[in-house]
Amino acid sequence: MKFISVGEILVRFSPQNYEKIVQASAFNVNYGGAEVNVAVSLVNLGVDTSVFSVVPDNSLADAALKYLKSNGIDTRHIKRSGERLGTYYLEEGVSIRPSEVIYDRKHSSICEVDPDSIDYEQLLQGFDWLHISGITPALSENCRILTERILKSAKALGITVSFDPNFRGKLWSFDTSRDVLSEYMQYVDILVGIEPIHLKDENGKELKDGLSMNPDINTMDTIFRKLNEKYKFKAIARTVREVHSSTNNSLKAYLHIGDKTYESKKINFDIVDRVGGGDAFTAGLIYGLMKNFEPQKTIDFAIASSAIKHTIRGDANLSSKKQIDSFMTRGFEIKR
Amino acid sequence: MKFISVGEILVRFSPQNYEKIVQASAFNVNYGGAEVNVAVSLVNLGVDTSVFSVVPDNSLADAALKYLKSNGIDTRHIKRSGERLGTYYLEEGVSIRPSEVIYDRKHSSICEVDPDSIDYEQLLQGFDWLHISGITPALSENCRILTERILKSAKALGITVSFDPNFRGKLWSFDTSRDVLSEYMQYVDILVGIEPIHLKDENGKELKDGLSMNPDINTMDTIFRKLNEKYKFKAIARTVREVHSSTNNSLKAYLHIGDKTYESKKINFDIVDRVGGGDAFTAGLIYGLMKNFEPQKTIDFAIASSAIKHTIRGDANLSSKKQIDSFMTRGFEIKR
Amino acid sequence: MKFISVGEILVRFSPQNYEKIVQASAFNVNYGGAEVNVAVSLVNLGVDTSVFSVVPDNSLADAALKYLKSNGIDTRHIKRSGERLGTYYLEEGVSIRPSEVIYDRKHSSICEVDPDSIDYEQLLQGFDWLHISGITPALSENCRILTERILKSAKALGITVSFDPNFRGKLWSFDTSRDVLSEYMQYVDILVGIEPIHLKDENGKELKDGLSMNPDINTMDTIFRKLNEKYKFKAIARTVREVHSSTNNSLKAYLHIGDKTYESKKINFDIVDRVGGGDAFTAGLIYGLMKNFEPQKTIDFAIASSAIKHTIRGDANLSSKKQIDSFMTRGFEIKR
Amino acid sequence: MKFISVGEILVRFSPQNYEKIVQASAFNVNYGGAEVNVAVSLVNLGVDTSVFSVVPDNSLADAALKYLKSNGIDTRHIKRSGERLGTYYLEEGVSIRPSEVIYDRKHSSICEVDPDSIDYEQLLQGFDWLHISGITPALSENCRILTERILKSAKALGITVSFDPNFRGKLWSFDTSRDVLSEYMQYVDILVGIEPIHLKDENGKELKDGLSMNPDINTMDTIFRKLNEKYKFKAIARTVREVHSSTNNSLKAYLHIGDKTYESKKINFDIVDRVGGGDAFTAGLIYGLMKNFEPQKTIDFAIASSAIKHTIRGDANLSSKKQIDSFMTRGFEIKR
Amino acid sequence: MKFISVGEILVRFSPQNYEKIVQASAFNVNYGGAEVNVAVSLVNLGVDTSVFSVVPDNSLADAALKYLKSNGIDTRHIKRSGERLGTYYLEEGVSIRPSEVIYDRKHSSICEVDPDSIDYEQLLQGFDWLHISGITPALSENCRILTERILKSAKALGITVSFDPNFRGKLWSFDTSRDVLSEYMQYVDILVGIEPIHLKDENGKELKDGLSMNPDINTMDTIFRKLNEKYKFKAIARTVREVHSSTNNSLKAYLHIGDKTYESKKINFDIVDRVGGGDAFTAGLIYGLMKNFEPQKTIDFAIASSAIKHTIRGDANLSSKKQIDSFMTRGFEIKR
Amino acid sequence: MKFISVGEILVRFSPQNYEKIVQASAFNVNYGGAEVNVAVSLVNLGVDTSVFSVVPDNSLADAALKYLKSNGIDTRHIKRSGERLGTYYLEEGVSIRPSEVIYDRKHSSICEVDPDSIDYEQLLQGFDWLHISGITPALSENCRILTERILKSAKALGITVSFDPNFRGKLWSFDTSRDVLSEYMQYVDILVGIEPIHLKDENGKELKDGLSMNPDINTMDTIFRKLNEKYKFKAIARTVREVHSSTNNSLKAYLHIGDKTYESKKINFDIVDRVGGGDAFTAGLIYGLMKNFEPQKTIDFAIASSAIKHTIRGDANLSSKKQIDSFMTRGFEIKR
């Protein structure tokens, strides 16, 4: 199975030791982006993985690619054009203090890429699985065209498509994103997260509006079934996060597949690095589906993958399959 | 409203990463002091703020002033004389290990200042609010004279006076401090913390002796009323801290104002930096009183201000009013 | 009372800030080893302490000895021969992520020491207490001979011997270690930890097999009595650890002495550094026995010593007796 | 004398310890910009100093302002609008390896400011000296309008204007910049650096083209006189830098004033931080002119100010007048 | 052209900030080894590059491979067996203080590899150039067999072979190494460094014994010709290093090719990281030969490559061809 | 030979990476003091060494003693009384920027020690060599009494006394120090440094006044002879330092012994840490005299010891005799 994800490579700057941005004399730098994070998590599980993105021709972009290559990702498809990498500043929250984000990602290379400059079918040649998220069409009109074309090409080539809507309120409105993303659902096989996707009843009322942030399995089963009626997915999954503090959360997830809904274990954990937690879930889910795990094992593996990610610095889950399996079966003691 | 606080600027040296002092090859340096911390927390809420202190003419004192100026504090009234800044070493506690403090603050510039060298009424000209604490008179005989004179001058000028008794057992005895500070109460409008202040019944028995560290609202109401009978404050407040470990505490507070006692929410939090937690409460309280918040909102704002401070490195709460408000109404998730 | 411990001095390399080994660009270095850790913890309690070990003649070994000397340990008995210090890499676990250890301790100076090159009786001359652990005989055939000879010499000289079986599955099998270590029990006065030591019933069934990891006091009392019947110890102790996460554990302990079993308080704590936690327990226990504390105070002191160690960086408990006493009687607030 | 400088506040990211950008896991952050650097250097000499700039309303901009305020700069005139601070990445050169710069300063708040939104005469009210550089008009069309208007307003108000052409080849071409900047010369009193400014002979040939990078005093005198004939400056100065390596340079300077050219001492130095070296020269020059130093003392003070800056981390010379004077008269030994 | 180098991957531990080993509380970690360094330097010049080595199956080895992969090296041929990576401790010299090295590389995976377990011809399939050094046969008897077999296979396959004798006095004696390495010369096309290789006159006297460390071109020409008479190389090169201090050296080099000897420019530089300086020379030389540069350009490129390496942290030259070309033609100023 | 030095243990705080004090957010901490530095340098050469000092009973003092013990110094004679360790802040100079020192050493434990509380003869029992410096009597009246009594006791016990006048202008005036120290010369055997000691001609003119900072050997020989005539030393030595920049110096030294003056080699070096350079010279000199080296070897060893110290972080020369010998005979290359 050859996997490719498509999206923006972002530079993350974060103050050290829980300093506030106004206190920082240095920033840690991490390279990521939602789709990249899925790829890095997946390559560490042993999957043959590529990333498509657009980055400028400078040494900061070289550093980003170096990070991808160090994990074993094939970076040959990455296009070099434009003038800047998108960046953002993350003041990491701790205890009762929330994280704060400053986006500085406009005018990035991928935002300004000419969608006609890419041969989508050639790009996807030889891949079995495409992952893409709702962030890319939110970046710019160019990116919206790019997203649509790549989804259509994947469909045409018979490639399995997973899609994470990943709503970003700092980039576009909920209503716009719902309209745009819902159109993409016809090309999508695996949906990861259920918002913002239209799901109206016969009266045009959005069925998911007002849904609890922590729904029970029956509620989710109903929603999943209606989504499936409308969009015909192979699988739908979503996580449920309980935020006890900025540095302590609990996670569980639901997976609907084969006409049945499964609920994962719930895991509570202290957080070392919150970024990429959802992407590690997606990677775990894709892995389970790729390897035809039993549904219950798939969703448990995905939630374990996500939980462990929160204890690892950087944007991606660097754990091997063996480490995740070991976490799923044993405790925390030093082995020596 | 123009605010001034008066007190010692202290240098804090603390080992990094929870090392013990005997392990440290470097110390983090922070500038603070109880009254300075109130000022820095208050200026970050948007109040026009000055500090009066006495520091030597060397570059360590320059660094301390630089910290004040960076926060927007007016440092023009600070007197430069004497030979040293007071310093202390803080081995920060963690988990079940307590913090340890070594004071090295004798003979500091403010300890040795000539109280006759200051024109108190001129110094206070133009200010609306004076904050002072019980640490200053504990420092030296000179400082005791200075404290008394500044309180009298404030009274004469009709300036609102807030006072935090802030007992320091390493500087003086409980009995001496109670005798000295109680004399100051005639000049005080807002009392923050209720010890060590005399409150005797008709038989000369101290009513607060043996009071629970975690009293209920009725007990506190009784005490507050008796304090008010004796000293006629505009408001009295105190915090109640539950110490679950060196790095996890809970806080709530009581406020007595307008003949009624209010109890804040209780907040539990992990601690990043314990120093200045009480001073951030005082700043929040003063802010609420300055802005004529409702009493319940005032005490909730003050306790939120204190709780958030515990998650911020350094001695002061660098949060804006907007950030504290946001904490009071929402959770901890990254916004992006 | 003059104390000596015998064992390997190990170099610990660990990534900083909970990075994984694959992420690290620098490693913190700590010097330790189970028996060394007991010695360092004990010297900080005020006991006259020596270490016997074998290290090469290079500056890394000089650094290790510098660490011992800085704590006041007499290093004059340490033999310099061979070519390397044993090392290991510790990826410190955090939250739900477990620690991982890579051993690189083969061919170390102590592994390859000629056991005939040491005059055991002369080495032990003047000491009152010898501590040794089950790690040393696991290192090499040479070390097994050395261990046996030193135990015999101690017995001959009437020195009190404490022994911590300290099973290491990466060094030898449970069965081999049980056979070897059980033979040593005839020389041992104080046993710290009860595995892997033979304790068969009349049918040859191992009585401790299948014992709960968290046994109640009655069960432990029975086991202790049977161990005593067989091996005639002066005292036996063991800890019980509950692992809530890699960075939060609870500990309690049992002590059997004078025909009675005592149970310590249970202490819950967040972990700063997990290594040497058991060794700090042993040191606290030895100290209590040396000073003839009451049994209940002995086991409480030992468990407090262990708990505090988990909050201190490095391999040993640097707390003074006064600090442990203070922890046993008071809370966590800053004193100032 | 009240001083104001106008220009962009830039964020500098540089890898630590001479790492290359592709190696960096953290970047040091410094706030600066040519005109800001002049202001910070000048305020440290004791001059009453303001900065005008345009920055977004986020905490990274707060951090930049905090830096200015910590030095005592009045930041009240700074306008908050737009979306980003300009940034750049500096891979600091060392020994024979050159520095490399990646600019990411397009679309910054000042680039996109509406020049009509500023009341230039009101802004400049009360100031005696305006400093501006050729970088600002290179940023955007808006900035070009802003620059011209502010120069005209300064002229109208009789404010002394100093101007540093500061050619930046990454922002515009030499020819364009020469055309634009030469037009500004009518408003300029003090010119710091002589390129890119038109200086044609009667045949239209540029007299400065082909000028040695290290001209002698006679050559410079001729050039200065011709510039003065054309543009009527009060003073012209320029530095001459010999680059022995990325971390060792020599500097001297020429000053033309009162119809005479002066040459400073030449100073050789190792470099700690190269950025802002020229701006510290400008600040020293402005200070000497403000204080009516003798011309020779002025140019020596300016070159000393620049040389010392190269030994100070960050973008500006934090030295006091006393420290620069002391450097000009004595050596390097510790005083104790 | 496809390149492969064969050798040990070493872990380097070095104290930070020029501390001595006895002072260090942390060590920087770098991955390298002479042949690996050549490969990393070469891949950064754009050459398709592989490494063959033997490493254990643990995360420290994963980290080493991650470093190779991040640079774009193909690591698929690396064999995972054995128990440890070779390590060494480098106390970096500075000024007049020399560096000190502690080797801990015995018993490493490559030392203990079974030379029969490798199919040499299959391994080398598809490669055009093999690089190997005299360190590998010095490691163990197994490695000596491996070295000989791989050289023979390369010869059989018509692969160009470059060889760096790289004498290591801590691994074997000069005499033994000279005997062993001289035997390899029949398989070698490019010799980099001339010791320890037999070159006897008719009387059996070693002609190179007593040769100046800084020979003139005529002397070198004579030696090169005699070496060529005996061993028939395509090219021979050597560097000449003048050590002014631990942190300041000069380098030049000689190249003999096409019956003529060429002398490079001499470059003086301050040193940031001394390790891999010679390997960067080798990589530059190989690159020039691969690309058929003129001999003078080849040797100048190689010496520039080496000189720049000394200013880059880590074991390899991360400079691109463009950066080396730029260094060869221009100076050190910041471009902005 | 058993050695003891007597003096103050000072805490040095210095900003990291050549930051100025006003920029520092952390300070490196080093423990030293002139006499302590001599002791630490000497113990590293293999001499049995003790220190006498007075320190408070707190953990900062514990850390200082830990540093001494780690080097192998016997700290049993150190008295614990008083309230503080003397401290100072060192802004380390670099390139053309000079170092700056802020002393905060008044009221330290040794300053306030009761000179009657010490039994001087008992303290010195068993020692062969006492070293003391002119800093101690400069600290306080108590210390002046202590210094005099210890010198007299040493004389009475026949102990060899070395004395370094070590004038500190921040502690006392040149004239006072000259009067006080000259009185001590009757007890001194080895004088290290010649100021401030009276040396008047028959007319009462001070012969050393106006002496060049870099005198030739004949001048020094004359001065040494006259000093000897007056004070009858066993040996006199002094260093001559050329300060090329804050981070590059040259050193040589003169030694007068056995009626002859010897001049050492001159060594130029870059500086890593300037503090303790003179004390390392003194230690080297004492070592040479203790071991009865030839005079020329003694002075060369002393100057090499001092030069190498400048490349080592901290206050003392941690080099072994072997390392200094090696430096005296060889160059700077890595041995591997």
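Note that the chains are named A, B, C, D, E and F in the order they appear, and that numbering of residues resets to 1 at the start of each chain.
The rule is short, and it goes like this: a residue touches a chain if its C-beta (ideal position, glycine included) is under 8 Å from a C-beta of that chain, and two chains touch if they have at least 3 such contacts.
From a predicted model like this one, the values you see are computed outputs, not experimental measurements.
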Task: Touching subunit A and also subunit F, the following chains - done: B, C, D, E
- [ ] State which chains count as neighbours of subunit D and simultaneously of subunit E.
- [x] A, F
TODO: Using mean Cα positions as chain centres, tell me which chain lies farthest from subunit A.
DONE: F
Open item on the list: So which of B-D, E-F or C-F matches D-E, with over half of the contact pairs the same residue numbers?
Closed with: E-F
Open item on the list: How many angstrom lie between the centres of subunit D and subunit F, each centre taken as the mean Cα position?
Closed with: 46
- [ ] Quick one: report the Å distance separating subunit B from subunit E, using the average Cα coordinate of each chain.
- [x] 64
Open item on the list: Give the residues of subunit B touching no fewer than two other chains, as numbers and ranges.
Closed with: 20, 22-23, 25, 66, 100
TODO: Go ahead and list every pair of chains that touch.
DONE: A-B, A-C, A-D, A-E, B-C, B-D, B-F, C-E, C-F, D-E, D-F, E-F
Open item on the list: Taking the touch rule as given, give the residues of subunit A at its contact with subunit D in the complex, in rising order.
Closed with: 13, 16, 20-29, 58-60, 62-63, 66, 83-84, 87, 89, 91, 100, 102, 104, 106-107
Task: Residues of subunit D touching subunit F in the complex - done: 267, 269-272, 307-308, 310-314, 318, 326-327, 330-336
- [ ] Please name which positions on subunit D make contact with subunit E in the complex.
- [x] 17-20, 22-23, 88, 90, 93-101, 103, 168-170, 243, 245-247, 274-275
TODO: Name, in rising order, each residue of subunit D that touches subunit B in their complex.
DONE: 66-67, 69-72
